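Each chain carries a letter (A, B, C and D) given by its place in the written order, and its residues are counted from 1.
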Amino acid sequence: MTSDTLIQFALYILFLPLLGFLLLIFFGKRLPRQGDWIATGILGVTLLLSLIILFVKLLSYPAETFISQFTWIDFGDVPFIGPISVELGIMLDNLSVIMLVVVTLVSFLVHVFSIGYMQGDVRYSRYFAYLGLFSFSMLGIVITHNFLMMYIFWELVGLSSYLLIGHWYEKKTASDAAKKAFIVNRIGDAGMFVGIMIIFVTFSTFTFEKIFDSIAVGTIPFGSEAWLTAAGILIFCGAIGKSAQFPLHTWLPDAMEGPTPVSALIHAATMVAAGVYLIARTFTIMTGDALMVITYIGLITAIIGAVIAITQFDIKKVLAYSTISQLGYMVMALGTGAFTAGFFHLVTHASFKAGLFLGSGSVIHAMHEALHKKHDHQTDPQDIRNMGGLKKKMPVTYLTFLIFTLAISGVPFTSGFLSKDEILAGTLGFASVTGHYLVPVLAFLVAGLTAFYMFRLLILTFHGDHADSSRENDIHESPGVMTIPLIIFAALSLWFFYSFNPFGASSGWFYAAIERPMSVVPSVVQPVAAEVFKDAVHHAHTLAMVLSILIAGLGILFAFVVYHFRRVDADRLKNAAGPLYDFSYNKLYFDEMYDRSVVGGTMGLSNLSKWFDDTIIDGIVNGSAAITRWWSAFTGRFDNVVIDGLVNFSAYFTGFIGLILRKFQTGKVQTYIVFVIFSIIVFFFIFRTL
Amino acid sequence: MELSILGIGILTWVVFLPVLGMIVVLLLPKENGLAIRATTAAATGLQLLLSIVIFMRFDRALLGINDPDSFQFVEMYRWISVDAVPWVGRIEINYFLGIDGLSVLMVILTALISFIGAISSWNIKRLEKGYFSLYLLLATGMMGVFVALDFFLFFVFWEVMLLPMYFLIGIWGGPRREYAAIKFFIYTFVGSVLMLIVMLALYFSVTYVDPTTGEKVHTFNILMMMDPANFEPGTVLYGVDTTWRYAAWILLFIGFAIKIPLFPFHTWLPDAHVEAPTPISVILAGVLLKMGTYGLLRISYPIFPDATVHYLYPMAILGVISIIYGALCAMAQKDFKKLIAYSSISHMGIVVLGMAALNTQGMVGAVLQMFNHGTITAMLFLIVGVVYDRTGKLGLYDFGGLANQMPKYTGVVMIAFFAALGLPGLSGFISELFSFLGAFDTFRTLAIISVSGIVLTAAYMLWTLQRVFLGALKEEHKTLPDLTTRELIAFVPLAIIVIFLGVYPAPAIDLMNASLSYLVEVVRTGGEFVIIP
Amino acid sequence: MDLYAFFFYFFAVLTVGSAFVVVFSRNIIYSAFALMFTFFGVAALYVLLYADFVAVTQLLVYVGGILVLIIFGVMLTTKVFSVEMKTGTLNLLPATLFTAIIAGMLIFVFSATDWNVVPDQEWDTTVYGIGALLVNEFILPMQVAGVLLLVAMIGAVMMAARDWTKLKSK
Amino acid sequence: MTYCIAQIPQWLAEPGLTHFLVISAILFSLGLLAVLTRRNVIMVLMGIELLLNSANINFIAFARYTTLALDAHLIALFVIILAAAEAAIALAIVLNIYQQFSTVNVDEVSTLRE
């Protein structure tokens, strides 16, 4: 199979979902079964094609990069700047072909799951149409070969995320969440836009390859390394928004207002991981300083997510914060230089987190049906306090959920263990080279917390007794279309897909395929060199593995002690933590803080502008109104004729004259003539003196 | 390139077809509303058809700007020529039409929006005859402004456009129409007066030698004014970087800035929009605002390159203020139409910023943004018109949940709103992208500040979307009908253009790229250009 | 003081004097009759200025036409045989003041200006010249004037003939 | 002193252009006064006739003493024509006013004010 065929396949993969979107948006309601089979079928085909590409690429062309591009806009030879043209194109390298499979796989399975989950929804066909639009945009991000297309699809996934979060837009919370997601993402995107501007102004192109080559030969923005760092950080801003990194992470928990499969697809597995993918793509031009920023942002995010997740009761919220935390992990990994580990975690996380969300979807679906049967509309079907004991009722869901939980906690023989272990080793190595020991310490802490809160979730949901025994009998296992995707994800969360050695991924195909790219930035601002880093990681590896197993075990043990065996009372713990618990339960008060400062500030500013416009610039300027009133009092014969202060003096003056003239408007011709004559006399004397 | 129909040049046809329509309308009995509407639609439709012919036949490689030989579809006749007036000399005013890459897109936009406006005027109820004849006169005035190459002719068209607008707002407008119309008129008229002053100053400063008689003739020819060699030594505007030239530039700039409208001169716009009937709002936002920026590019830039370059930075600052201030004001509005009006201010700020960048990307972005803003805002005002026609309400909080009730309408709304907030894949993005890219090249800090505008735009647009279309439907709106076929006819072409130019903007960019690059060259070599970080 | 001067002063005094009566008489009928003398005086002044044709026209049109019209107007709108014949004034003080200033101004301008007077020319009758001009250079104004008169006539008839009381009762 | 005495009669003895102009000025002022002060519309009309006459005197005087010649005569003729038309229309209006308001006093007819 030649490279042309691969490119062709990639184009099919990109545009088939768009075709599905168009078909469904225009004809969806008229198609049999509202067209869900079209959407699912298309995704199935793209999955097949991506798998073909993956195998062919990794087996036949492991080291090559295929690019196909065309000139989209050509400015020609621009005066004072030189030739400018904008190319669009696609690029297939190992990174993108792996991402292709991840995206199409998760998307396909979510489509299948949705057929069961969304049964009977008011906008069933619309839902599948939007899923198609999302798949298209996400695949666009994956296979693009330039910044512009990256940005375009970056915003388009934002759009589809907006549409899907707001799927049930009759609910105020849903439309609020959708709006919040889009706007918060826009903030990040604005930063990314500035970064892209810096790049474009310097290199007159958007294409990754050309930019990397230019930097490699020493062309940097405005001749200063600081600008290069700034460009890197600004591009990373896009990732901050999309991957819900601190300080823009607040939209992701709210986004759980969308349907649960959407949360699995967009807000767990693919779109939020796009930020990580972006960093991986632009890793080449990241300076050491930029990577340091990325590391710490990731670290902070990981901690925040983990700390908040401990105390949440909404099953989806817990998962959302765990997603934030895991994304922080990936970002941090890339920041430290553990490139492969970070990206690996993206891939493994995609399957087990999508699985977790679908599992929670399955639970919520069952709860919802049970509550519906009892006409209970008060009880929240998503609150884990209303669950418990589902193990017996939903065995498939439980078992798969258990595997996912083990994976995310980093227990050996799971995919999560492989990737997490590599990341922790990476942080240790990073610390030993640079001396930032805070990074590994906190990273290990987060690993422990993750194990704890995930098992807390698992235990509260599936173990023990059901909260309300009267509805226990109404809860049933979900149908096959929903459990089969779960089983597939569970299988993918085991180690052997990635490496035959369950205690180290570095010998597997993944590590062979993905290698940390060479940095092209000037040597003064280079990050830790790949070889040095590799050595350090190698030394730290065994330590990291032992520690990570230990810590995960501790977390799990603690969760069992508190929630399963109830040796320690959870309420006592809560009271002991006191304000810390409140802090965590209220999500560290981020939303409140932003509402007061950013949202309030903007609204205040906007009201100020309106006031300024209505009062100062426009309206009757206070002064002119006062003068008008003074004048009318002075004449005493007129109502307060409002001179429309038309902003500037001339308008005011016109009104003023008008007022005087109005006085002369007696309706008697003779009076008018008197005035005419008077003016003639005046003119006479004026011109006489001239 | 020449193209004539019945011996009359195509530009004359394009400009005066509406006047022909107007004559027919005036001859029709006033009871025959259908015939009047059909005539209007036919006249503007033919205008659109001709503008498409122009688009097809337009030579993309010719430069234009200050080179009379590379203008296209040129028509030049002696219009007013008075010999030897005391202390003025020979007065010569030409009927001089022609287009280049700068104006061709505006011609197409004008024809398109005129046609859309005619379609959406269908449900005007009162005094149809007067309305449609004024409307057609307005169409002629607008088109004339974009094709005139003689300053006097330009001015005449400018004023011809002004009067019908005044009456259209003042008679067919909303409850406070007189106030709005007067405000519009006075604002614009102040601008006209300032322009007139500069026009006369230019007239007395510029002469050329008539090749047939050998005598020196004062002229209103814009192209002649662009050549510094034509300025008579000792006249007001002679020289480079003189105070008088700066003053003239500022006067012109204020005149045009009122029309754009740029930050401190913008308050007529919200009032005019709120009061104007829907089609007039469409015209106002779709075409009239572009005259300001077009005037700057056509007149201020090449005639006063020295002053232009000197004042680039203040101009860019005003643009940035407009972007952010307009967006902030829009966010605080409770009236649907006012919100869109302020969003226009914000979007036109982007045009000014792109223009001030004075490089090809920025200029192309700016002119494209003029076009795109024309189509997008036309859609937005039509959207407002749809709910206003059905409910008579404009408050943002009066609605909610229309998405379920009117799905086709909501589809159109989605396209327009997302195009307005610069979503990639729709035309607004392309032009904003290049405006910002260009601006970043010249004014680094300002461009970075202005990017915050796109966040604000997203915020108020989505908020509006939420308030009007999402949420629960109100009881009294349960019977609202979806879009009619006629409304769809108005929306669909615009939506198609918005999507097409978003996906493949090259056809539009190719039209103007050569001319605008040349304009950049002309202006930059005429003054001392510096990059301000 | 030759004969010319005598006639001039005589008619000047007649004109101005009767004009005074016109303006200051409280009885409108007196005013109307005094106006006749003013017109006569003006006609005589025209004769003194060698404008025979204009003088005759003045007599015919003003005295024969306009004055009659005015008197009719007076009769139709005033109760002639009542004591109400007197008409009031308004704005007397400012108007008089302004008029005085205007008069002073005019007289000052007229007498202070150095008129470009051509030496005395003796004329024959002007009728021939006027006739020639009327059908040559002034043909268009004459036609327009004719149309104007026609329009004025029809208009006046239309307006005067409309019966308001009947319209109102309907 | 003798110089002065000799001057005045001579100035008086030869009526020239200025004399006619002064007459016309006086007539003009009187007409104006009538227009301005009288309440009766017909009196106002008479004032207007006086104004027109004074203008005519000017024309004819200039015709005699300057190069204006016959052109001025013609203009005077047109003025007379105009005056005739104006008088006819004006009186028709007056009649209408009288029937409408039962008065011909201008100060009572002030609908123009609204």
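Note that in this section contacts are C-beta pairs under 8 Å (C-beta built on N, C-alpha and C of every residue); 3 or more make two chains touch, one makes a residue touch a chain.
Just so we're clear, the structure is a prediction, and the values are computed from it rather than from any experiment.
Enquirer: For chain B and chain D, which third chains touch each of them?
Expert: A
Enquirer: Round to the nearest whole Å and give the separation of the Cα centres of chain A and chain C.
Expert: Those two chain centres are 93 Å apart.
Enquirer: How many angstrom lie between the CA centroids of chain A and chain D, rounded to a whole number?
Expert: Centre-to-centre distance between chain A and chain D: 90 Å.
Enquirer: Taking the mean of the C-alpha atoms as each chain's centre, how many Å separate chain C from chain D?
Expert: Computed from C-alpha means, the inter-chain centre distance equals 6 Å.
Enquirer: Using mean CA coordinates as chain centres, what's the chain B-chain C distance in Å?
Expert: Once rounded, the distance between the two centres reads 59 Å.
Enquirer: Going by the contact rule already set, what residues in chain C reach two or more other chains?
Expert: Residues 90-91, 95, 98-99, 102 of chain C each touch two or more of the other chains.
Enquirer: Mark out which residues of chain A touch at least two other chains, giving numbers and ranges.
Expert: Only 670, 674, 677 qualify.
Enquirer: What is the complete set of touching chain pairs?
Expert: A-B, A-C, A-D, C-D
Enquirer: Mind listing the chain C positions that touch chain A in their complex?
Expert: 90-91, 94-95, 98-99, 101-102, 105
Enquirer: Write out the stretch or stretches of chain D touching chain A in their complex.
Expert: Within the complex, chain D touches chain A at residues 32, 35-37, 44, 106-107, 110-114.
Enquirer: Where on chain A is chain B touching in the complex?
Expert: Contact set of chain A toward chain B: 72-76, 78-81, 84, 148, 151-153, 155-156, 159, 162, 166, 169-170, 172, 175-176, 178-179, 182-183, 186-187, 189-190, 193-194, 197-198, 200-201, 222, 602-603, 605-610, 613, 617-618, 644, 646-648, 650-651, 654.
Enquirer: Within their complex, state which residues of chain C touch chain D.
Expert: Listed in rising order, the residues of chain C that touch chain D are 1-2, 4-5, 8-9, 12, 15-16, 19-20, 22-23, 28, 31-32, 35, 38-39, 42, 45-46, 49-51, 53-54, 57-58, 61-62, 65-66, 69-70, 72-74, 76-78, 87-92, 95-96, 98-100, 102-103, 106-107, 110-111, 115-118, 126, 129-130, 133-134, 138, 141, 145, 148-149, 151-153, 155-160, 162, 164-165.
Enquirer: Name, in rising order, each residue of chain B that touches chain A in their complex.
Expert: 179, 182-183, 186-187, 190, 264, 266-267, 325, 328-329, 331-333, 359-361, 364, 401, 403-404, 418, 423-425, 429, 433, 436-437, 440-441, 447-448, 451-452, 454-456, 458-459, 462-463, 465-466, 470-472, 504-506, 509-510, 513-514, 517-518, 520-521, 524, 533
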